[in-house]
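Take a look at the structures listed below.
In the two complexes that follow, chain A is the common piece, with chain B as its partner first and chain C second.
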Partner chain A sequence: MRKFLDRYWYAYAMVLPVVVVIAVLVLYPLAQGVFFTFTDINEANIANPVLDRAATYVGVGLRNYLNVLSGDSSYGSFWSTLVRTLIWTFSCVFFHYTIGLGLALLLNREVRGRAVYRVLLILPWAVPAFISAFTWKYMFNAQYGIINQGLRAIGFDDPPVWLGQNDWALVAVIVVNVWLGVPFMMVALLGGLQAIPGDLYEAAEVDGATPWQRFRHITLPGLQSVSSTVVLLGIIWTFNMFAIIYLITGPNPNTRILVTYAFERFFSGASRDYAIASTYGVLILSVLLVFASVYRRALRKQGEVW
Partner chain B sequence: MTLDASSLKVVQADRKPQKRKARSLGASIGLHGALAIASLIAVFPVFWVLVTSFKPDARAVETTPKLFNESSVDNYIDVLSGDKGSFLSWFGNSVLIALMTTVIAVFLSATTGYAASRFRFPGKRPLMLSFLVVQMFPFAVLIVPLYNILLTLGLQGQQFGLVLVYCTTAVPFCTYMLKGYFDTIPNDIDEAGRMDGLSPFGVFWRLILPLARPGLAVTAFYAFLTAWGEVAFASAFLSAADESKTLAVGLQVFVQQNRTEWGHLAAASILVAIPAIVVFYLVQRFLVTGLASGAVKG
Partner chain C sequence: MRRTTLVTAAAACLSGALVLTACGGGGSTGADSDSGEVTFWDTSGPNESPVFTKIAQDCATKGGYKVKTETVAFDAALNNYKTAAQGGQGPDVFRAEVAWVPQLAKNGLVVDLSDTDLAKDTGDFLETPLGSTKFEGKSYGVPQVTDSLALFYNKKLLSEAGVQPPKTWAELKDAAAKLGGEKSFFLNNDAYYALPFIYGAGGDLVDADAKKIVVNSAANVKALETAKGLLDAKVASTALDPTNSYSNMQAAFSSGEVAMVVNGPWSVADYLKGAAFTDQANLGIAPVPGDTAGKGSAPVGGHDYTIRQGTKAKASSIKFIQCMSGTDAQVQVAKELGLLPTRKTAYDNADVKAQPVVAAFEPVAKAAHARPWIPEGGQLFDPLKIAYADFLAGKKDAKTALDEVAKAYKDQVVPEYSIG
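And now, the complex of A and B:
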């Protein structure tokens, strides 16, 4: 034991603060949250030290899970919300990645004004998300929003009501989230491109490879480790992205994803339903964990060590 | 032997892009055209808010928008003078919370990232893996228990409580990035430092941190933005008193049910975006190298 401590003390001392903070503020709350999913806890029966009231919630077994997984609309139509969450996540990440990669490829060339373009293109990342949300809400307004003004000016007499109770609302929030997320992808992929040795391209050019072949056989494999990390992170973050949807459309069933519904359940409504909110939380975590392990296995098959 | 960290060039600040032969005029136009259009899309919303911020509320909702219409700085005066809620207190709160989060998160993730990069110790793999899993926790499952814990710790309604919560979001990602960054700094430097009689912490503090500045800059940027723009925890955990709100919570007063004061909201938004853009401008030249090495090796 003595020897063990002598050897690893520095490492443990440096890691300890983080472990403590995460254990207290993430793992313990997580355990408690999982426990809540088996109870009927809500605003009215939770312990309230301010009012000096003891907790009176009771265990209900698996009832919360059964209610949610039945897909009943009074419990947020779980399955159709899950499908919408998947549409939202994959379309956002797809456009983040493809647009980000395209811009990174352009910026990786020798082009006049590269630094200026780069600063301008990263700008959306620097604007706080809630400001972007307000901004786009303003631009998407059906009557006076600049987007519909623009559409009318180029001949669309009847532009859509973007943020109403229809599927255009989902399109609108996806557009905003794409705008918001492209800079991160672009910067990460640009870094990845710069790490690919230039002589590979020269050698390929000497061998007569076409630009497409060079992209296909040098660029994409060279980016693989960056790509796999940022795509996974992107999917996790987008799946749990709350602020944009909530601030732009509010509790609109057409843009409801799992996280925003959990928040609705938590915050609004007469009796803040902590039990159902936590149940949603646990289900979200389960979906992501399953996804991440499948993803990891797929990467491992391709020989990626991660 | 003495070691001067600044003379060691480990990091290529901004590597030259691939050498290209002169490209044709058409390709040139295409390249600049694509970049210009993308830049326009990136900048336009910010520009449009800036323009709107000078218009009176009534002019901001005209059905034929003009660039300038009765523009003045009245909105800014109203917002700053406190006519529209305690903007300056919100601003102060946000700055304090964001700066505390940045300092604590960068320090914690630097020590952890360094330990994970340089030492092999039992429990390292589970630790790094748990950082990834922490990213997946939806706040919905944590929010009630966290509320209880902060209550127990006496931190409910306190800014420091919120700082700690933000650190749990920022630190795992920052640790990943910094570990990757530290991996790119050769081990020889550590060894040379140890020869000179520095303790492991001395090596970390005096040699490695100065070399890792680009990585630290990106980390700081990320941590700052996490805290500066967070909405859900801030709405749930700060007390209801107007003076204790952060900007993200306070600004929602402009978006009322019936009428949104777009002119005032736009002015407030510009004031909020400025610090973030300043921080961004300071770190932007480090962003590519800093993030890249993190993501590549992460």
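And now, the complex of A and C:
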């Protein structure tokens, strides 16, 4: 033991600050959040050190999990909300990736004014998210919004109520989120494209490969490491993307995803029900952990080192 | 990475920016010492806030303490206040909506004023607004303004069509034929604006005395069907996207596109900016229609002054509230903004009597339907809001929608009540 310490003390001393910081900033709040899921904590029984008031919440065992997992509408209809969250996540990431890749391919060519296009296409990313959200909310206004005015002008007499009590609301927020997220994908994929050596394309062209074959056998494999990372990041971000949905539609059950419901229960809903909100938090974390490990395993099978 | 930072920053900005900048009082630690500096959170909005700020400054000059007025968006105020007060931060004086006071009192976030001068001087206040400051027999606030909902109408459009302001929903339907159908009335699909229909039909949300949830009663089903009946008969329009409903209503009425809306006295300033009301006399105010004429079917609203638990300027805050809720200040507010005073003596003032909005609203507010002053009173609206919007959009029938509200009340809001 002594010998071990003599030899490695320096390494452990160097690691210690990180361990302490992680424990204080990540592990402790996480453990507390998990603990709350087994209690009935809410704003009325939480402790308040400032006012010298002691906590009066009590343990309730698995009741919160049972309530949430029963899919009851008073607890956010968990299963249908989960399905909606998955639809939201995968459609957003799908369009982010395909549109981002398309734009990256365009911008990777020698076109006149390429710098201008690059700046214009990056704009949605540069605008603060809540400004975009409010602007889109005006544009989607069923009566006065520019989108429905345009639709009426070209002959749709009865355009949809975009942000109403139906699934168009989900379509609307997906459109906004795609608009916001494409630039990131585009920039990341553009970087990936530029890292593919040009002589590969030249060699393929000499061998008589069609453009599609070049795309299929050089571009896509060359982008694989970038793609797998940005797609994973995109899925995690989108899964937890709360601001856009909440700012545009408010607490509308038709656009409710897991995080917006957790927020509703924590801050804005009927009461500050910290217990149910934490339960949602733990369930969201579990879903993402399962997803990330499956994704990693799939990548490893393809020989990706990650 | 950049994107997450932006989004987080935006969310933080919206939910907690004020919390972060809120003043935490001076450095003194003594329990009874007074920092002499009052921070006042005003939630009254850009039309009214300048007047309140000015009165606050006058009060401070007279009383010999300092006042800092911070305007907080009404929608975010309760949330920000709760978060701040829980952490010992936030304003010293908070303008709380009437339904918030019992809730804040229950959570221990506002000071019990029962043994202060503020609770001794209550004889002059109107009874219903005063009721909102009480919780379990103690006094937690001082009424600032009271309000209610009324029917606003465009006098020119009504007289051109040759109709009188309707007293019942049936009359409103008849008048619509002459006023151009859907252009006659704008229905806001928000929960608070469903209350005139509900109270008018003899319904209610909860029965606090009997500890019962009555939101899914037959009277309420009928009330909601009355509201939808107006849309189905094409005698009223609405914005089916709830997030835009209020702003569309304001735009439609102030531009003269619709002839009638239901709203409160706070909206007058918005209307007078509109093209239809460049001549102020064109704005007519009448009691909200009911199922039968002449029954007070509008809810009581309004705001109270409260002091934050843990304030470092309690004595100054009490002085500040005494001044702000005094007859002189109330008269000035009523005169300049048309908001309804909560002191009986303020109504005796000649200028207040001459104020057209106050004069029109006074009988409405006196007849208004009291709301249950329970801690959960403010939390009854969120579930109802979604159900009402679903129902008006034709997604659910009234009974199903209201049954779900009753279930949500039982599970989330008032678990100790029984449904029925």
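Brief remarks on what is shown
The rule is short, and it goes like this: the second predicted complex is superposed on the first by the 281 of 306 C-alpha atoms of A that agree within 3 Å, B and C clash if a C-alpha of one lies under 4 Å from a C-alpha of the other, contacts with A are read in each partner's own complex, and residues count from 1 in each chain.
Convention: a residue touches a chain if its C-beta (ideal position, glycine included) is under 8 Å from a C-beta of that chain, and two chains touch if they have at least 3 such contacts.
Just so we're clear, the structure is a prediction, and the values are computed from it rather than from any experiment.
When the two complexes are overlaid on their common chain A, residue A:Phe134 makes contact with chain B while staying clear of chain C. Using the contact criterion defined above for the overlaid structures, shared-chain residue A:Pro253 touches chain C, although it does not reach chain B. By the touch criterion stated above, A:Ile46 is placed in contact with chain B and with chain C alike.
Looking at the shared chain after the overlay, A:Trp125 reaches both chain B and chain C. Which of chain B and chain C touches more residues of chain A is settled by the count: it is B.
In the superposed pair of complexes, A:Gln143 makes contact with chain B and with chain C alike.
In the superposed pair of complexes, A:Gln32 makes contact with chain B only, with no contact to chain C. In the superposed model, A:Ala243 makes contact with both chain B and chain C.
When both complexes are overlaid on chain A, the residue A:Ala204 reaches neither chain B nor chain C.
By the touch criterion stated above, A:Leu163 is placed in contact with chain C alone, chain B being left untouched.
Where the contact sets of chain A with chain B and with chain C meet, they give residues 46, 49, 125, 128-130, 137, 141, 143-144, 237, 242-243, 247, 267.
Interface residues of chain B, counted against chain A in their complex, comprise 15-20, 31-32, 34-36, 38-39, 41-43, 45-46, 48-49, 52, 60-65, 108-109, 111-112, 114-116, 119, 121-122, 124, 127, 130, 132-146, 148-149, 151, 164-165, 167-168, 171-173, 175, 200-201, 204, 225, 228-232, 235-236, 247-248, 251-252, 254-255, 260, 262, 265-266, 269, 272-273, 276-277, 279-281, 284, 287-289, 291-293, 295-296, 298.
Partner chain C is touched in their complex by these residues of chain A: 43-44, 46, 48-51, 53, 72-75, 125, 128-130, 137, 140-144, 161-166, 169, 180-181, 184, 237, 241-244, 247-253, 267-273.
Interface of chain C with chain A (complex): residues 2-4, 6-7, 9-11, 13-15, 79, 82, 86-88, 106-108, 239-244, 248, 251, 309-310, 375-376, 379-380, 382-383, 385-386, 389-390, 393, 395, 404, 407-408, 410-413. Contact residues on chain A toward chain B in their complex (touch as defined above): 8, 10-12, 14-15, 17-19, 21-22, 24-26, 28-30, 32-34, 36, 41, 46-47, 49, 99, 102-103, 106-114, 117-132, 134-139, 141, 143-144, 146, 149, 179, 182-183, 187-188, 190-192, 194-195, 198, 201, 225-226, 229-230, 233, 236-237, 240, 242-243, 246-247, 258-259, 262-263, 265-267, 274, 277-278, 280-282, 284-285, 288-289, 292.
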